[in-house]
Amino acid sequence: MSSLSSVEMGSTKQSVASVKWARRREVAREVLQNPLTVIGLVIILLFLLMAIFAPLLTEANQPDPYQSPRDWANIDSPPGVAGHVLGTDSQGGDLLYGVIWGSRLSLQLSLTVVISTLVIGTIIGSLAAMRGGRLDNFLMRVVDVFLSIPELIFALAIAAVLGPSFRNIILALVAVFWVKYARIIRGEIIRVKQAEYVAAARVVGDSTWNIYRKDVLPNAVTPLIVQATLDMGNVVLIGATLSFIGLAQAGLTEWGALVSAGQSGLLAGHWWVSTFAGLAIVLWALAFNLVGDGLRDVLDPKTEGR
Amino acid sequence: MPDQEPLIKVEDLSVRFHSSKGVAHAVDHVSFEIFPSETLALVGETGCGKSVTARSIIRLVPEPPGEYASGRVLLKNDDSTFTDVLAAPMKQVRAIRGDRISMIFQDPGKALNPALTVGRQLAEVFGEHRASVILGDAGIGGAKAGALVRRIAQQRAGALSRGAYSLVSRKKSIALQKSIDDLVIRALADTGIPNPRKIMNSYPHELSGGMKQRVMIAQALACDPDLLIADEPTTALDVTIQARILELIHQMQQRRGTAILYITHDLSLVREFADRVAVMYAGRIVETGPAREVLASPQHPYTQGLLAAIPRSQTPRGELAAIPGSVPHLIDPPAQCHFASRCQWAAPACSRDVPRLLSLSPKREVACLRFEQAADRSSAPEDMPIRAEFERKMTS
Amino acid sequence: MIPSPSSVATDYDMASGAVVTLNDVKVHYPVKEGILQRVTGQVRAVDGVDLTITRGKTMGLVGESGCGKTTLGRVIAGLVSPTSGDLWLDLNPEQQAEIQRLRALSPSAMTVAEREIWKKLEANHRLGSMSREKQRKYRRNCQVVFQDAFSSLNPRQLVREIVGRPLRVHKEASGEELDRRVIELLERVGLGAQHMLRYPHQFSGGQRQRISIARALALNPEFVILDEPTSALDVSVQAQILNLLVELQKDLGLTYLFITHDLGVVQHMSDQIAVMYLGQIAEYGPTDQVFNSPLHPYSRILRDSNPTLEGEVAGSKWELSGTVPNPINPPRGCRLHPRCPVATASCGWSVDDLLFTVEDRTPALYETISGVERASDFQAQVMFESDDAAGEFANTAGQLGALVASDQALSVDGKSVTLRFPEVSDAALLPMSPGRWTSCTRTQTMGKLPPS
Amino acid sequence: MQVRDYLIRRLALLPLIMLGVSVIVFTLTRFTGSPVGIYATPNMTPDELAALEQRYLLDQPIPAQYAAWLGGLLRGDLGWSGVSVAPVTDVIGSRIAATLELALAAGIIAVLAGIALGTIAGVKRNKGPDHAARFFSILGASTPTFWFGLLLLVPFYLWLDWFPLGRSTPDIYSSLAHYTGMYSLDALLNGNLVAFGDALRHLVLPAVVLGFGAMAIIVRMMRSSMVEAMSEEYVDAARAKGLPERLVIKRHARRNALVPTTTVIGLSFGFLLQGSVAVELIFRWPGLGQWVTSAILAGDQATIMAYVLITAFIFMMVNLAVDIAYAYLDRRVVLGG
């Protein structure tokens, strides 16, 4: 019987890595087969580039780059007039500048909220599912309480209490969104704990922490990744609604705030102010929803192991 | 076995499944016949295409992703003409399903709708195929009843809530309901269920596995079909209940003369409950013949390997004759005998040509190049597998 | 004729000692109902099992779904802790006999010296009261191969990590030494180095079971629990795995506990067989004896209902009637009696059993009962509207449980039927001859099963 | 578990969760500078303010304050709404009917359209209608309600003037007897078709805007449970009985697909409540949503807190109703915690 020669043995480290990467590429190829997902990814890439290269695309407005520069001479000018590609709002704020710097704020908002809630939710959900018993019951009742207040209304109350500012919107969303992840990870861990490979690991005598780290979490995390991708879009949607109803600082280049600023001009026929900012929100949320849906079809836990 | 006209003739049936990885040839040019009140067993391991073949007989394979690539399924009518189920309009196929050919499934727990009572699901068969009988029993004249009553009878048989479709007159609707319930109770009682009325009103999750399978049998034989397709009817049941269910099906066949197509992976079942057997491997029939004969003297290497792998009382421990290797995948398969890679008599010709199902004797067929002449295959004799047994048998 | 009640633990191959000995092991799960989730009953999954697994042999554990065989396997593997009863490990013959003797004495009757010996035995051999280090040693020595090839391997790990894990957990090897050991294990089960860097979903069912076996052998255990290892496999692949298991047992002197519902497989693989029904052992003995001359109706019915390729089974086939009773309150006396074709009045018939059987099989008759006066669980007065209803009930009930009328269990007077069943204690597993045990009270009195 | 036990258990849990919500809201009120502000009516004299602090034990330790606050809440004293210059409870009384009317109308649209689209998408899997329904539902989930409102407002109100803003043409409604407080229903109950027509004209646009988002959630859930139901064996068994495809889908597949979807319908009602905040603002719909947005701009904490409590309560009642429907639909209800 052949056995691995020493040369091959030496290279086991790289070959393990290469096999793991081959597996990831295989999954990636499967995801990219769906055209809708590809469109979503392209849009996300564009937004990413727009956010990163904002200072290059438009000259940063001093002192606060997140307040769009005022061109008092051409207020409410339609798109393409006086050098304003997308036109200006009632205070002469350049809309193109607003949309570009708004993408930075959206990136900031979505990354901070999703990552922090993912971590908090996973910790609490894992504790509840692994420990079980009274702690599980207590944590799940707390989750029930949080979930009985609609997300936006809860966040709205927190942000209003903390005082209107973009930072407070982020804090409010973090305080509200972790619950969703706690519930998902708890359900998945309880499902995975019944699998025989977890019993096999216990028979071998591995510690609970190792079993959690090596067997339970990796197989329970997939639905979390799908939900996180979807929430990268949802979070911006809800954040924009909060700033639309006035919970962000005045004049901020946040898309929701821009749409709100354009609302009064609408009746006077200045349609462009709300439209472009709103379109940016839709594209952002659409992109992440498309990618999230594509991931869900490919990474369905039930068929994954087959 | 009666040698008059066959009830079902499956001719050159091929079923393919399209998937992102390619086209899988699940069933590949399969032909066989089923004679009235005969029990034919279709035997093979997981993925050999036996279930797809069975479902094709009542055109249950979903198209897409499935596709009937070739062949016909001919069902004999009373006037001894034949209807091709695969080509007939769906309306006609639906009239056949449940009335002339019916089916029971492997896991009765999954084959019964959890949200409907047993009685309601059973009544559906009567509502669909025996609406005139329901009307007759309820004393509602066939002629003047009109289409509306017929439709309501149909709906009522499967109606969600009994009140929803009450007829114009209260009296008629009670009579109608009573005639439906009588039919259901008689069907259930026919399978030896002790308290049919109680079972009729209970939900599937309240019944044991064996009881659910009895309900499935009652439902399948409600309209006294010509053919019952039993897709691994007892695999999900415990061995003591399995024996009783198989016994029940056998008795009902004796009483009604129903032909049975048995789908199973368990060869020992074939010996006790089947008249004829067809062994399938990787989408093709490799051997057919009377059950006892095939089990006593299997000709095809795969059948021999399968029989040798079953533990018997006197097989010394650890010496089961296992078939090496595993089933090849059937996605865009090359022209070959799929068993060649695992066969001890394989020869170069085996991995080039597809063996034809040839009849050794009037009732015995085998698909193996060992039983064919090099000349018919237009390939060099040394490429053909050795034909020792066959010559010996022919000359002796 | 019945020897003094001692446990099956005394009876095993004296020379090699016992890997595991179970005494009166019970596993009960609380049933919670209602708003406050109050405990209203216990599901008695395993309800008092005595068993000895002899070193170097294969013990077959067979029974239908829900009989508790998998739970018992999990208790022995340490995955489930027993509600009561003891699990003794590595007892040599003397210790085995000593424990049986001491167990029979009530604690007060023990002398100080005996109590001392009992303490020492517990500290060294009883799971739960032995030292952590000893427990960990047992954990290494007892491994499990599971049924579902798909769910017994972590889909996210490579075969190298899966098979190597036991060695890493017990820090036996690492780095290249670990890889070498893993390759050796893979080759031993018929796979090779080329399978090291692959994911479980890239293998067939049979290959996955081989990986599962390789993992079980990693710490070269003495004792492997096989929980339905081939039930999910096709016959041809099953043959390959069974041959491999036998080969490994010969080479490594392994002890197997082989759990399955397939009678053909258990007959082929095991030296001793324990047949389980509703959480208890119905019959225990050497395989061929249990198959050729079963001492419990259930073993016989299991054997007869299992289709075989061999000749026709002699005599008429017995059949079980009704369905498996609810494990929350199992029938009294012998647990099979409501379904058993040869049950007699003294098999444990209670009033409820009879009424439930009548209701299930002849509901019309059941409706004619107007009232029931219970003197006890075993004696009652059943009243009917009319005399002939009472009469009819008497003779139908008579044939139902194959009750022998002569036992005066039933007597009709006028409009009522009096039921007088003998008060029977729960059936116990008793030896009929060395190595042959049965819990069928009828066989215990008659010596053997009635001819079919 | 019996259906009865399950519902009693859910009812027993309700006050517990409501208490949890009140604790959260109470802690929020403690973040707002001086808590007495909630109860203070405008231009109160300092000693009147001191009396208020006494009454609500604001100088006592937190648990006592919570008890007093909760006592006030149970007595209906939620404080003073600076925005509407009236006690909070009265304002809720007058505005809750408007929000419920809008939410119900949007809900009906979302549920009917959602189930219909979801069924078609599930049955015609990976064919034309499926892709259309999926894209339509993803668009619904990605479009912010407020922007979609503005998007429809411009053509239908500004240019075509098909649909007016606000809740009804003034004083049409005032002459009618008030039964439910919902204009459309009351108009119907009064048999006054003109008023009913007018109420509908005002209701259509905001209801469609609000319903669109919720519909997206229902379509997605209905589609996935339809796809799952269609692959079940009892659907094949139904076909094997010779049933027409129409009946197989309606009586077998959809009946079971509705079971998980009912829970999502409950959840999507939460989406309606939170959507009404922006929609009521845009369409000048005099409901609770409009009231809370004005409270935010004015920093009126009492209104905001009351709004959170009342919406949580409505949301829980709806979920309870959905649970009852769930228990009725699927007999083998074995629902754990």
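Couple of notes before you dig in:
The letters A, B, C and D name the chains in turn, as written, and every chain counts its residues from 1.
To be clear about the criterion, contacts are C-beta pairs under 8 Å (C-beta built on N, C-alpha and C of every residue); 3 or more make two chains touch, one makes a residue touch a chain.
Predicted model, so just to flag it, every value in this text is computed and none were measured.
In this structure, the chain pairs B-D and B-C differ in their number of contacting C-beta pairs, and the larger number is found at B-C. Farthest chain from chain D (centres taken as the mean of C-alpha atoms): C. Chain A and chain B have Cα centroids lying 51 Å from one another. Centre-to-centre spacing of chain B and chain C amounts to 36 Å, using the average Cα coordinate of each chain. Chain C and chain D have Cα centroids lying 55 Å from one another. In chain C, no position touches at least two other chains. Shown for chain B are the residues in touch with two or more other chains, of which there are none.
By the touch criterion stated above, chain B contacts chain D in their complex at residues 55, 58, 60, 64, 94-99, 102-103, 105, 107, 110-116, 124-125, 128-129, 158, 160, 203, 205, 216, 219.
Against chain A, in their complex, chain D makes its touches with residues 13, 16-17, 20-21, 24-25, 28-29, 31-32, 134-135, 138-139, 141-147, 150-151, 153-154, 158, 270-271, 273-275, 277-278, 281-282, 292-293, 295-297, 299, 301, 304-305, 307-308, 311-312, 315-316, 319, 337.
Residues 74, 77-79, 136, 139-140, 142-144, 146-148, 150-158, 160, 165-166, 169-170, 176, 179-180, 183-184, 187, 192-194, 196-201, 212, 215, 219 of chain C touch chain A in their complex. Residues 1-4, 8-9, 12, 15-16, 19-20, 23, 195-197, 199-206, 210, 214-215, 218-219, 304-306 of chain A are the ones touching chain C in the complex. Here chain A touches chain D in the complex through residues 36, 137, 140-142, 144-146, 148-154, 156-158, 160-162, 164, 233-234, 237, 240-241, 244-247, 256, 259-260, 263, 266-267, 269, 271, 274-275, 278, 281-282, 285-286, 289-290, 293, going by the rule given at the top.
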